[in-house]
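Would you mind keeping the following structure in view while I ask a few things?
A, B, C, D and E are the chain letters, set down in written order, and residue numbers restart from 1 in every chain.
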Amino acid sequence: MVEEDTEIDCVLRPMNCEINLLSRSDGSTMFMQGDTTIVAGINGPMEVKSQKMAYDKLSIEVTYTPLTGPAKVDDRLIETYIRESCESAILVSLHPNTMICINLQEVQDSGGLLACAINASCLALINSGLSMKFTIAAVSCMIEKETGKIIMDPDNTQLKNAKAEFTYAFDSINKDIVCCHSVGRFSQSEFLASVDKCKQVSQFIFDFYREITKKYANTV
Amino acid sequence: MDLQYKTIHPVKYLQDHLEQGIRPDGRKFLSFRPVSVNVSSIVQADSSAIFKLGDTSAVCGIKAELATPKADIPDHGYIVPNVELSPLCSPKFRPGPPSEQAQVLSKLIDIVLSNSRALDLKDLCICKNKLVWVLYCDILCLNYNGSVIDACIGAMIAALKTLTLPEINYNSETGVIVTHPENRKAFTVRTLPVSASFAIFEKQLLLVDPSDDEEDMSSTRFSIVMDDEEEICYIHKPGGIPISQNLLCKGLEMTKVRAKSIRSVINAAISTLNVNNIETNSPK
Amino acid sequence: MPVDQKRINGPESSVPYNIYIHSEIKNKGIQPDAPKRHDGRSNNELRNIFLKTGIISQAKGSAYIEMGNTKIICSVFDPREVPNKTGYCVQGELFCEFKFAPFSHHKRKMHQQDAEEKEYSLILQRALEPAVCLQEFPNFQVDVYATVLDNGGSALAAAIMAASLALANAGVPMFGLVTASTVGIYDHTYLVDPTDTEETFCCTKSVPGTVHNHGIIIQAALPQHGQISEMFVVGSVDTDTIVHSMDLISEAHKDICPLLEQCLVKTVFKTFRPNIKKTDTK
Amino acid sequence: MEVSVGDVVMPGDSLKDIKSTKKEGKNERENVILGPGLRREGDKVYVCKAGILKRRDPAVYYVDSYQKRYIPSRGENVVGIVTQKSGDIYKVDVGASEQATLSYLAFEGATKKNRPDLQVGDVIYAKMLVASKDMEPELVCVDSQGKENELGVLSSDGMVFTCSLSLVRKLLNPECPLFRILGRNQAYELAAGMNGRIWIKARSVQETIAAANAILAAEYTVASEMQKLCARIEKTLLLVT
Amino acid sequence: MEFTNQNKEIFAFDWSKARFPNVFKMAPHIVPGPPNTTALEGGGERPMNIVRRVGRERERMLGMTDEERAWRKKWLDAQKLAPEEPVTPPGYYKEMFNPIRRFYKAPMNKVQNMMEPFLGYTGAYVARHVISKTAIGIFTVYCIFYHLKYNKMLDLRNDGRSRCQYRSIEIETRLMPHAHGSARLRIGNITDVLVGVKLEIDTPYAEKPDEGKLDFFVDCSANATPAFEGKGGDDLATEISNVLSMAYQTPDVFDLRQLCIIPHKKCWKMYVDILILQCGGNLFDAVGAAVKAALYNTEIPKVIAATLDGGEPDIQVSDDPYDCIKLDITTYPSIVTVCKIGDNFVIDPTLEEESCSAVNIIMSVMPNGKVTSMVKQGYGSLLPTTLIKMLEVGKDIGLKLNEALKKTLEEEDKLGRTKPLCGFLR
């Protein structure tokens, strides 16, 4: 319903988002970060199957479907990251005995897939109107092999000469680390530097969220 | 009385302990459980290790087999780590295909192996394009009491470190393979990645090496894997409440100390094995 | 075969290196007529048994058994409702799962239960059922999981004993302890408590055309009641041989039963008098 | 980030200067009411839904947000579909996570002997009596005086369609001119449930569909353009008939 | 003394009773001491010894006074039986026999009394005993007879079979023209099993390069019994296929080497598919026999050319359907279930009998009498002696079953290919 095509900053790849595009879901979004594209849909709160019921909180089920082939072990890890991150963002105690399903479909992967998936699910959550403690923004970055430079939001070509790759998610209140994933070996100082850099950049994503919300809030 | 209290009010039970500055198993907040390692106890496996972290224990057995390499990386062998959280180790698990948790654990271990570059897959090549080794590392959790990833990584690394492979002669023209089981060569492991797990409770309270109950009731958990050179191989925090950078730094410092001690335990276990080997071999 | 998407997969096919070992080295052979077996035992001698209970803290009851190279760990959990069951059932149920660890065998085992493991699970269940007071927990089932870490022969018999110890350790009401032992038969040689090489030797090695006895007999019994709870024969043996080996096995049971009892007594002592320093039995 | 009334807010934002409009001669301490989308933690008030922060006198704060899934809330009128009859209750699907219950006796003039004739599949307009996160929601078709008061079974000639919850809120806002404008030239009956379900019945099928489309189109139309929207709808209707 | 008076009355009433007090009256005079009157009237105690010390020789010899001699004389006189003596005192009978005996003796006493006038006392006495003892004897015989007739001991089952008897077995082979071998077997018109054998070319296992593969697959159709619906039959199916694969495991029975085409490269893989159509008890035996029958008529196509062409195997299979190899079933075992019910064993149990038994053993017996596999089923346990007995029974039955099966199959084979198909798959 809303097309957003603004280049926020040269640090991050251009973000692009269309929300509420699935009519049957309670909240949905298609989120692009550069060429990496993910469609996320949320259903719920709805009734739980008895074996997965948590009597004191909302349970979250995440299904990630890769572009080709059936879901593999690798995708389970992405699902875990998204489930646990979303669980921290949602006010789970408000809806006991119920569950929500977050369905993610990879459309294109050109680097930073995990970050893109987390951002997409956060946007879908905002769209669904579920009560949340805060929003989360995920940023990926890498350390270049030769120069040791930190490159924000790298794409696939840049990633080829990466020494290490990080994905962080931050909350919108204190900008603390919600989730953290890394690939490759790195030293402590490199790690801390990358956290700092990503933390700064995450503000752009939060601003982007606000921008999107503003767009549709005004029309409704 | 203690037991009843624990079953009726599990959360309050833990909170009361934490308020008193002690954990239910009597440890301080920042003290790790004792580690013990036992290597090469399983005869049928090519190499094996049992890693105990307090109650938590995991056993890793490695079976080496032969296969043809992938076409795009013809000189790379395979390493296939799989974690099995069988119903044996905890009432949480049911028989059947691996649970999501087991799948995530397997993947994490796979990531740690590739991140740390502890082994070079080229070492597993016997004949380029034709024959390579496949190392099936099966990690079996025997007792599930928290920080399982630490135990799994420990068991796997100790097993890999003691792995020896028999000499294989491959005739690339006829395709005949001959194994010489007497000439076993040690497999090089470049570094020993060691993992440490942490649990965070409300008000940013940091607990190291959490037990199963502590893990369940914690607000968030994270694990750090470090190698010999104090380089970080993996930082894993799947979600949960946001934590500050300082807390992570504290975790990093703790990991450094912990990694050193675990490494010495593993090395000690391996050296006793070598001593035994020499002793048994010498009379002959 | 469909690829298992829930595990990390290696190459599509791989072969163990053992099959390429030169046949001269491989066939060291077992002489059935030799006075001593290849591990230095006499034919009727059992291997040393090491038993320990309560090694899995998360389980209600657990036991670990080591017989020579065979290492088995077994755990028992609280009764839970029988899943997918409608209606009342007077007797409780035992659910047994027997699993070889992938690395426990000469040949790598797959993760899924294969036919052999399923069969062994059933045998395990049938061996234990007569010993458990099933009427004590109607409509509920007790889960017993046994995993073979290292298969040095007679794994099933060891698993049965470990499981009965674990059940006792868990406080499941029982009529008596279950002991089990294996006899390998080759011609007129009876090998009590065979190792894995002896097992394969007894199972397969036979000259076609001749009518040798060969096979494996596993028997589980409640020695305190003189009852046989399970009997399992595979191979090709005549009934006289079976009868003879049953005698041999009952001799073995008499030796094993006190070991199990001792182990349990020690566990009880440890629980009530934790200060007493424990010593290992071998 | 601190926000104030009228801003677009995001979950995690905290509210600046919450105060009640002080009126002369009244008590200084007046209660501040936090509506949907706001929560208090310690002495701070946080936003928990994305939308526009609004305020009504004397001191009611709430977030106007977009939402599709209905979360039951006490006292709201909803449109539901009967899915099951069991014992002395009906189960009614209101689009929430659980089905709501509706007692046989919760109808005007219903007694143990005189039961209402409700079939599975009937559409009802009911009031939410009990709505708690831990309990099954419960509906009634009578008001506190025991009168029907427009609640009850809706005729099967009408049409039920779903829309977002925010649209219903917008339509039911007294300032929204849509129903008035639509009603000038067309006769229609309408029941709008807070659960995002609207039941509508006009003279003919065409008119019913046209009115429904007008309502759905109103989601993205500002109040000033509603006149135009209705005119367009009427024009198409004339063409059809 | 009041006695006379009393005596008269009694005398008038019952003569024999009247004598009694007189005899007894003497006793207190013979032996000094307080007369034990309670023993007279009261019926509760045993009759006292009226002889007292006079009864003993030694005491009699001790200096007797004249008075005593008189007494003795009197006593001796009293010892002489009067014609109406001996007299049975009232209560004597009651004392000698307990109430139960009195009860069951009563009718015969009556009979005896009735016969006495005709046969005299002795005759009546003998007759009475002969009659009663014979009656008891006949009764016992009848009891035993009934016991045997209506108990297991009679070796009869509720369908009229004896313990070691099979229900009628029907076998039809070669009824599926597309399979390499097939058989259908019915036991007692209830249990119904269909077996098909299929062959495929496959690569052998790396560790057994010169062996083929034999695979048993059991499918429990949900039509057989409602319990098999869904996954209900899976356990039973695994159990049956396990028993089969164990029975055929040893090379003495089935040499997998005969399925080899080119070692390391190609071999036959034999699929034995078993479909359970109806379940009426004794599935294992039915499946075992059906598999044996199916294997009997299995025809392995002849490989006419097997060459290694540059490492790649090249195989040509004969097109002629008559050009084939048959399997030698002389070593194949048949499966016997011995079902323990109570203290006895039955063969070929029906469903009801199966549900009654706590233990049954399933054994596969080769035609030479060797056991290739044995498993116990059921939740019960056994005594070693019982087990051995069951083994013997099973072995005997297995031998007979093998024999009968072989004969039947040969007979059917004689019919040749022209044999009309009468199975349900026509």
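A few comments on the model shown:
We adopt the following convention: a residue touches a chain if its C-beta (ideal position, glycine included) is under 8 Å from a C-beta of that chain, and two chains touch if they have at least 3 such contacts.
Because the structure is a prediction, the values reported are computed rather than measured.
Shared contact partners of chain A and chain C, listed by label: B. Greatest centre-to-centre distance from chain B is found for E, with centres as Cα means.
Put simply, the chain closest to the centre of the protein, by Cα centroids, is C. Distance between Cα centroids is largest for the pairing of chain A with E. Look at where the CA atoms of chain A average out and do the same for chain D: the two points lie 32 Å apart.
The mean-CA centres of chain B and chain C are about 28 angstrom from one another, to the nearest whole unit. Between the CA-based centres of chain B and chain E the separation comes to 60 Å, rounded to the whole angstrom.
Counting only residues that touch two or more partner chains, chain A has 73, 171, 173. Those residues of chain D in touch with two or more other chains do not exist in this structure. Among all residues of chain C, those that touch two or more other chains are 6-8, 15-16, 18. Pairwise chain contacts present here: A-B, A-C, A-D, B-C, C-E [touch as defined].
Residues 73-74, 76-77, 79-88, 169-171, 173-174, 176-188, 191-192, 195-196 of chain A are the ones that touch chain B when the two sit in their complex. Residues 206-207, 235, 238-239, 241-242, 245-246, 249-253, 255, 361, 363, 366, 368-384, 387-388, 391-392, 395 of chain E are the ones that touch chain C when the two sit in their complex.
Chain B makes touch with chain A in their complex at residues 100, 103-104, 106-108, 110-111, 115-117, 220, 222, 227, 230-245, 248-249, 252. Per the touch definition, chain A reaches chain D in the complex via residues 1, 20, 25-27, 44-47, 89, 91, 94-98, 126-135, 171-173, 206, 209-210, 213-214, 216-220. Contact residues of chain A toward chain C in the complex are 70-73.
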